[in-house]
Structure formats: C-alpha cells, structure tokens
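In the two complexes below, chain A is the common chain; its partner is chain B in one and chain C in the other.
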Partner chain A sequence: MAEKKLMKGNEAFATSAIHAGCRYYFGYPITPQNEVPEFMSRELAKAGGYFIQAESELGAINMAYGAAAAGGRVLLSTSSPGIALMQENLSLLSSVELPIVLVSVMRGGPGIGSIQPGQADYNQATKGGGNGDYHTIVFAPASIQEAVDMIYKGFDVADEYRNPVMVCADGMIGQMMEPVVLPPEKAPLAEEEIGNVKPWALTGHKEKRERNAINSVWLQQELLEEYIEQYWPKYVKAENELQDWEAINVENCETLFVAYGSVSRVVKEAMADLEKEGHNVGLIRLKTLWPFPHKAFELIGDNCKNVICCELSMGQMMKDVEAEVKGKYPVHLINRVGGMLLDPVEVVERTKKILEVK
Partner chain B sequence: MKRITIITGHYGSGKTEVSVNLAMDRKKEYDKVAILDLDIMNPYFRSRERQKMMEDLGIMVQFNSFGFDITEDLPALSAALKTPLENKEYQAIVDVGGDNDGARVLNQFRKYFLDGDSEMLFVANRNRPETPDVAGCMGHINAIQAETGLKMDGIINNTHLLSESTAEDIIRGYKMCKDLSKESGLPIKFTTCREDLLDDLKAANEKEGIDDMVIYPIKLYMRPSWLG
Partner chain C sequence: MKPVFEYSRGMREKELHYCPGCTHGIAHRLIMEVLDEKGQLGDAIGVAPVGCSIVSHQYMNVDMLESPHGRAPAVASGIKRVHPNSPVFTYQGDGDLASIGTSEIIHAAERGEKFTTVFINNAIYGMTGGQMAPTTLIGQTATTAPEGRTVAQAGYPMRMCEIISQMDAAVYVERVTVTSPGDVRKAKKALERAFEVQEKKLGFSFVEILSTCPTNWGLPPVKAIEWLRENMMEYYPVKQFKCPEEVK
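Up next is the complex of A and B:
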C-alpha cells in the first residue's frame, strides 16, 4: 500500500484530480478553497497540464466548457457563492452532455455570508439553479480520504454519464489535515486516443469523419424534446446505480440520525455517548446527495420511533428526508447555520430534549 | 529557550499546535506569557481560535485589529502585537503562517528579533508531502531565512499522522531531522509526542538504541475530538 501522507483537504482534492488524469484547471480565488487554485497553479504544469486563473467563476466554467468539449479532463473548484455564479453553465454543460468535475467547498450563506463551514448549499447542489431538465450528480465526502476517492471516481462517472459531477465538501474538510493514501496516477488520454474514447469531442475531423458540433440552441422545439428524451434515461440509470450511503444500525434503531459530510462525524461521536446512556441509535450517512439514497431508507426497521436530521442549514436535507419517510416517523432537525458548527455535546443534549418531548 | 520563540515551517507542519502547547506550558513557569498569532495565510485552525482557553489562564492572545472577529480572513495586524515584544517581562510565542509567504509578516517586527533575546525554530513533519526529506526541509528553511533575513536557530521534529501516529512515525521523522541537523548545522530542539504515545515512544527508542531524543509531550488543543 502507498505510504500515508498528511494532507490538507484542498491540496488533496487537487492532487487526486491530477492522479485521475485531469490536466485542465480554471479557477478564481474564494475562501475556503483557495489552496486548490494555489496548488494547481504550482503543480499542474509539472504534470503537463494547464492552469488558468479566470477573471471570475463564470469565466472559469466557460473555460471548462471549452476544455471538456475538446475531450480533456477538467477540474473546477469554488465555494458557495462561486457555485451560484456557475449555475447557468452547469445547465449549459448538462445540455450538451459535457463531463467536468466540480468541487464545492461549502461555507456559510446566504449571500457573501461567512468563510466558516456550511451545508446550506444542499438545495443549490441537488436542485440546481440552472434552467431546464438536468441533474448534477453530487457526492458528499465526510473525510479527506473519501473526498480524494470521490474526486478520482468522479472523473470516471462524469465521463460515463457525460454530465457534470459535483463533490460537495465543506470548509472543514477543505481546511483540515488528515492522513491520506493517494490513488494511483492515471495518464490522461493521448491526443490521438480522445476521438476513439470520446467520439463526440471536438478533436478536428481532418476530413475523415463528419463534423462534430456541440450546441445548446434548438430552434425547433420538436427536436429539443426528442433530444431531452434521448438523454434523460441516463438520469434514471444514475438514480438506480449511483445511490451511495453508509448505514449504521438502521434496521434496529429507535432513533435514526441522518447526516452527511463533516457533520456526520459529530453525530457519530454523539451516538457513542448516547449509546453509553442506553439509547438505541442508528445513522444513515448520505454519500450521494443526488441521486438521493432512497434505498437506504428502505432499511429502516420496525423499532424506529424518531428520525433526526443533523445539518448546517435550516433543514434543506430534512425536506428530502421527510419526503422519503412519508409521514411514517416524526422528523426532527438539529442544526446550526451561518458558519457555526454542531458539536457532539450539543447533539446529545438536543437529541435528549427531542426524545423527552415524545 | 529564549524569551521570544518564533515558530515557522512549511504550512500544515503543525506550527499552531506546537505554539499553543508552548504558550500553555510556559505559563506554568512565567507570569507574563503572550501568544502572537501572525497567521495571515489560513482562515481556519489558527491559535486565536483558542483565545478564550488561553485568556482564561492569563495568557495574552494577540492577532488582528478586529479582535471581535476571530474567523474572518483579514490580514490586518493589531499594533498591540508589539506589547509582548517590547516589554521584556513577557515570554512570547510567535505563531507564524506557513512557508516563506507566511513568514514574510515577520519583517515588520524584525527589529525585535535581533538582540539575541529570540530564537526562530523550524517545525518539520516528515509526513507532509513537501518535507519528506532533508532536501524538502532545506528548501523551506532557506526560503524562510531569505524572506525574513533572520537565521533559523533550531529544528522541532513534529512528525505525526494525527490519530494514526505511531512511535515508528516519530522515529522516522527523528532520523530525518538528525540528517537535517547535520546538513544545516541546526540543533534539534525537541521531538513532539502525543501524551498517549509517550510509553510507546520510550520503548521504541530503547529498541532502536536512541538515547538522545528530547521529548516534548503535546496535547491536541486545536483539533476537535469528533475529527478523530
């Protein structure tokens, strides 16, 4: 096994992308993800890649559009307000089926907000702000290792589904340090291979094939409908195949927690304390936010009396959980917002309060 | 140790944890102790986050001029930072941001570091990707010295892997620091070790025949328990 290195989240995200064969990065500074562009500006050229500091997040994602259209593997990274600026182009990339990987290091919002960790971009990531019928595939890591693995795999998923993939980290995961084993280094596709692996890419027809075009404008609505219906099955496939979660004691527990990202680690410590006091607790940790892991909720057993959502938002994830449990159990919220964090003591105390009221 | 201890190093090497430990321990011996958080590189995990813990013990905590807002990304330093540097009754731990970029901020306080009353130490963690060997560490030492015009006075072996650290990690780091010491002429001031690993480290040192390691037991003040 490769030696473990102690890495900061943002450095590790960038390194993982390079190991996945990414050779294009376009970025614009925003805390708490600045180490990603900083690292890429220094390291990507050494791997034979291209770093460009864009004039804004809009510029960055448009550059990504170009590099992806030419068949390259592209990484983008930003934080919450930056994703807001990129939404138009997430719709645009989806409309022309271009694969990119985008890391969102979430901070406190709304608006400019704060630079401390947040999860109030759950809706932004999963429901999107772009127009039209599309989805962004969204992974949610709870550790730096998991983020590294999700970014690495994310490039394959983006290519397979020809769709943007977002990895939703939060400020804590971006800024903290953890031991990491990096995945093996993959070479990017050689220029002459791109046309074989990505036959849609704009590689130059050299008068040997029909001209490729990547175009989002449809002046005939009949053709646009046909086009949407032709690509839509991939989202159905993604819903079936990509759902991912971690389940702890879901079948037997009386009190089920639902959480994702760094908050799930707070919940795990709180669960250990609650167990010591005799509570029967379980956890569904979402590893994909879209597709939402519906299958995890089918595991809930007859003992379940309460579902408690822990998140750093006013209950954005909770709305999906409520839809999922369909009124079978009361759904509660333990949250902090604005860049404030939950800690295990607070989760334990608020859980006991919820259970007392019952 | 000198009255003023400046903690520098590659970013992510553990300077802040070392600095907070030094401040907490020095308070046991001295009445007036200050920690100067000069980290203008990082928005998270800065010593000012433990302001209350330290101030409750009577340690002066100085950072930016917007004292109410410990988390913002403001590279504005408070003039009050000079108090513990000028007042010789104070013991001062200077916690500097990462790399030569983070050390640049020392220049404006340079005159306080020239009278032999201070020492600048380099924190080394062998498990960081840029400092796995002597060459990597020398690169950072030279860059920090060139940026600040100050001479490095010693090395702190702070090799760890957080909760996954073992005594063997620490010893591997120690061996690298020995080589670094030989190459640079700088002494190893001490080797940090999490308190729960002390017995392991002593046993491992005995097995390896290492009898000259100065061990500094360290507590993890900066990392919340739930991060492991």
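Up next is the complex of A and C:
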C-alpha cells in the first residue's frame, strides 16, 4: 500500500499530474491556485518536463494547445477570471479534439471578485462561455484525495474522449491540507512514441505520411455541419458513461440535499445534526458537473418531500436540479456568495426554517 | 535534362485561393523552399494565423495547425517544448501579430523562444475586408479609416522589427520584401538565416515581409507593388536589424 502523505491541495494536484505522466505545465499567477505554478516551477524540470510562466492565461492555454497538438500531456490551472479568459480556447480545443486537463480553483465572483472560495463558476464550467456546440467534461472533487484521483484519471478521460477535462476544485480544497495516497507514477510518452500513439499529432511527417493539419476553420458550412455530427456522439457517450455521484439515503429520505465540492462536506456535518434531531435526510453529491448525474435523481424514493440545494452561488446548480426533478418536489436554496462560506450550523438552521414554513 | 524550374516539394498541389497579385503565395513558397533545401520538410511544424493565410496548411507540405487570432507565438512555444529539435515557425499577418497578438509575440521574443516568426505586413486587415491595421500608414485609407488614417485618431503605425529588435533574446531580426526578383532572393536568404538561428538554438528569429493586398488597397497588382515600394518602404525600411555572428 502506498503511504499517506499530508499535502496542501494545490501541491497535491500538481503531483498527481506528474504521476499521471504529465510533463507540460503552463501557468499564470492567480490566487487561490498559485501553489500549482510554484510547485511546477520547482518540480517539473526534475521530472524531465517543461514549465513556462505564461504572459497571461491566454498565453498559457495557447501554449497548452501547442503542446497538446504536438502530442504532449498537458496540465493547466487557474482560477475564475483566468477560466473566463480561456473560454475561446476551450471551444477551440474541443473543435479540434485535443486533450488537456485544466484545474479550476474557483473563487468568489463576478468580475475580479474575491479571493475566497466560491462555486459561482458552475455555469462557466458546465455551460461554457466559448462559442459553438461543445462540452467540457467537468469533475468536482470534495477532498484532496478525490481531486488527486480525478486529475490522474482526467488525463485518460481527456485522451479517450479527445476533449478538455476540467477539475473544478473550490479555493477551500486548493488551500487546505489533508492526508493523501498518491497514485502510482506513470512514464510519460517518449517523443519518438508520440506518432504511434497519437497519429493525429504534429510530429513532422518524416516523409512517411501525408502532412497532418489541425484545423478549426470551415469555410464551407456543409462540411462543418458534417464534422460536428461526426464528433457529437462522443458527448452522448460521455453523458451515458461518465456521470458520477455519491448517494446517501436517497431512496428513503424525506429531505434530499444536493451539493458538490467542499460544500458537500459541510452538508454532511449538518445532516448528522439533523438526523440526531429526528430528520430523515439524504444527499446527492455531484462528482461530475458535466455530464450532470441525471441517473442519481432516478433513485429518489416516494418519501421525498423537499429538495434543498446547498451551494456558494445564487443558485446556478439549483437550475439544473430543478430541471431534473421537473416540479415533483419543491426545490430550495441554501447559499452564500461572494467568497462567504456555509457552515453546518447555518445549514441546519436554514433547513429547519424551510421545513417549518411548509 | 535538368529542369530549370519545378513545383516546390514543399508546396502541396493545390490551387491557391489568394487574390491575384497577393504576395502570400510567394512567402509560402519561400519558406517551403528553405525547409526543403535544408531537408527539414519532414520535421517542420508550422502555425497558421487567423487572417487570409488561415488555410496555409492546405498549401504547405508540413504538419501544421491553426492558432486562435494572435496567439501563434504561444502555440509555437508549446509545440517547441514537445519537439525541441524540430523546426517550428509561425506565419502571421499584421492584424494577428501587431494588434490582437502583441502580448504573445513580445513575450515569445523576450523568452528567446527558439522558433521562427514570419510576419506578413500588408498594412491592412485582408481577410475581414480592409479595416485599418496597426501598420496602416498615415493617410492610407481603410474601411475603418475612410478619410485616411490620422495620427489624432489612431496614432502612428507600429514598426514591429524595431520593437522586437529591442529584445535581447530576439537575435535575428530582418525586414524584407518580395516585390522584385532580387528582393525575393534576399528574402529567401533572410529566411534561411532565421531557420539556421533556430537550428543552432541561438534565440528568437523574426522575418518581416512587406506584402501587398491589391484587393483591399483597391489597386491592380502592378500598381500595388509600386505603392508598396513608394510608401511602405519609406516608413518600414528594408534592412537587417540584428544577425548573430554564427549565421553571417
């Protein structure tokens, strides 16, 4: 068994990527993710990789685009306004079907916002801000261990689907320390092997094949329609195969909480207190934000009377939950915003208020 | 019998979509000839810009990708990390490089990225239909400067070679044109040296090619060449700004 190590979230994320065989990282300072570029600037070269402190998030994601197109395994990390700047490229990377893993350490918004943890980038992550028909695959960890595992697996998912994968950690998970078991170290793909494993990559044609051209522009719209229809089934497959969640007492509960990320930990503590007081509570914790775990909502049993969404936004996730329960149960919101946090006491009190009013 | 002139192996046998008298085609061919003569067509990786040459990967017989508008130098920086020994180049217009992409080009030059940038300065936004570029000359008309560019409204045209050559790690900087056979030969020499600088990992290499856009200048091809020689070459002197000893 691998040993447990006490690690800070952001450093654990970076280590996990290196263990997954990632050797290219491009970053730009932004709180609360600075420990990722700082760690990579120290450690990546030692592992034979490359770090660049980019001129901006635009620079960073375009360096990532180049490295991914060339066949490299690439990690990016940033926080809310940084993701906003990267949206053009998330659309582009999807359009040319290139894999990258992007860690989003969410803070309070909108605008420059606050540097405290937030979840108000739910729509930004799941609905995207880039143009056109595409999806970003989005994982949402609730602990450092889970983030480490999601980043590690995220590289394989990105390769399999040839699509950007985002790991949406909030500032809390980035900044705190927890014991983690690191996944085994994988060897990176050697430069000579890239052409065999990724025949679409830019390696130079070596006079042995037609030249590879990675293009995103389509001056004939008929061909673009055909192209979109040809790659779209992978998103249908992702919707079927990647949905992930944790379910606690969903079948039997009267009051069902829905939450993700660090907030779900607060909700679990609140649930313990509510149970002691005789409430029958359950939880759906989203582990993927896109695809949204629809299947989890099929588990809801006949006892359910109320659904309560707990999140650090004005109800962005709640909109998806409302669409899911289709008016069968009243859906309520317990939230804080702007970088303010929920604590178990507040969740318990606000839950009781919701249940009384009924 | 040895043929005197052949289709370059570096160019794919596709009809160019560029307008008559446009110099994009000459620039494409020169880069490909240089790579072919160096035996590097099979290793080279190119980055196409957003602009009329966005589909240059249809013509150049090397691995290529399309960059988002202006970001080619960042994209090339990423490629070069994965293939440090392959010749990598960006091909960028003046809107792409000198407007939306100033941050990327300046920082790539400053980092001393070991790739080559070919900068196609035609003093106009060609692809979008003739709007003012940062390189549009004072008095030159454009669809967004219908009375001609004025200093009061838009400031002075940007001289990119002059700016780039300030950067210590940009070791090869030259401005050329392709408006006469002699100039074409000089331009090819400049490209040869630029790729040699890259191969020897001496630093960043930058070649600006003063180019024509007859369509958006509203001039027939021959007149466009005359206009370039009379107007652009005065403000944008054709010369070598920097060249390391190793490739002289």
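Keep this in mind: the second predicted complex is superposed on the first by the 358 of 358 C-alpha atoms of A that agree within 3 Å, B and C clash if a C-alpha of one lies under 4 Å from a C-alpha of the other, contacts with A are read in each partner's own complex, and residues count from 1 in each chain.
One rule holds in what follows: contacts are C-beta pairs under 8 Å (C-beta built on N, C-alpha and C of every residue); 3 or more make two chains touch, one makes a residue touch a chain.
If you're wondering where the values come from, they're calculated on a predicted model, not measured in any experiment.
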For this session: Mind working out whether A:L6 is in touch with chain B, chain C, both or neither, as first, second, both or neither?
Result: first
Exercise. Of the two partner chains, chain B (first) and chain C (second), which one does A:S114 touch, if any: first, second, both, or neither?
Worked result: first
For this session: Using the touch definition from the top, say if A:V266 reaches chain B (first), chain C (second), both or neither.
Result: first
Exercise. If you stack the two complexes on chain A, which partner ends up touching A:N303: first (chain B), second (chain C), both, or neither?
Worked result: neither
For this session: Scan A:P179 for contacts with chain B and chain C and give back first, second, both or neither.
Result: first
For this session: Determine, for the superposed model, which of the two partners chain B and chain C contacts more residues of chain A.
Result: C
For this session: Could you tell me if A:N280 is touching chain B, chain C, both of them or neither one (first, second, both, neither)?
Result: neither
For this session: Have a look at where A:T31 lands relative to chain B and chain C in the superposition and call it first, second, both or neither.
Result: first
Exercise. Which residues of chain A touch chain B in their complex?
Worked result: 4-8, 11, 15, 31-32, 114-116, 171-172, 175-179, 262, 265-266, 268-269, 339, 343-344
For this session: Sort out for me which residues of chain B touch chain A in the complex.
Result: 11-12, 42-45, 71-73, 125, 127-129, 160-162, 164, 223-228
Exercise. Across the complex, what residues on chain A touch chain C?
Worked result: 24, 26, 50, 52, 54-56, 58-60, 62-72, 74, 88-89, 92, 96, 191, 194, 202-208, 211-217, 219
Exercise. What residues of chain C sit close enough to touch chain A in their complex?
Worked result: 12, 41-45, 47, 50, 54-55, 57-58, 60-68, 71, 74-83, 86, 103-104, 106-107, 111
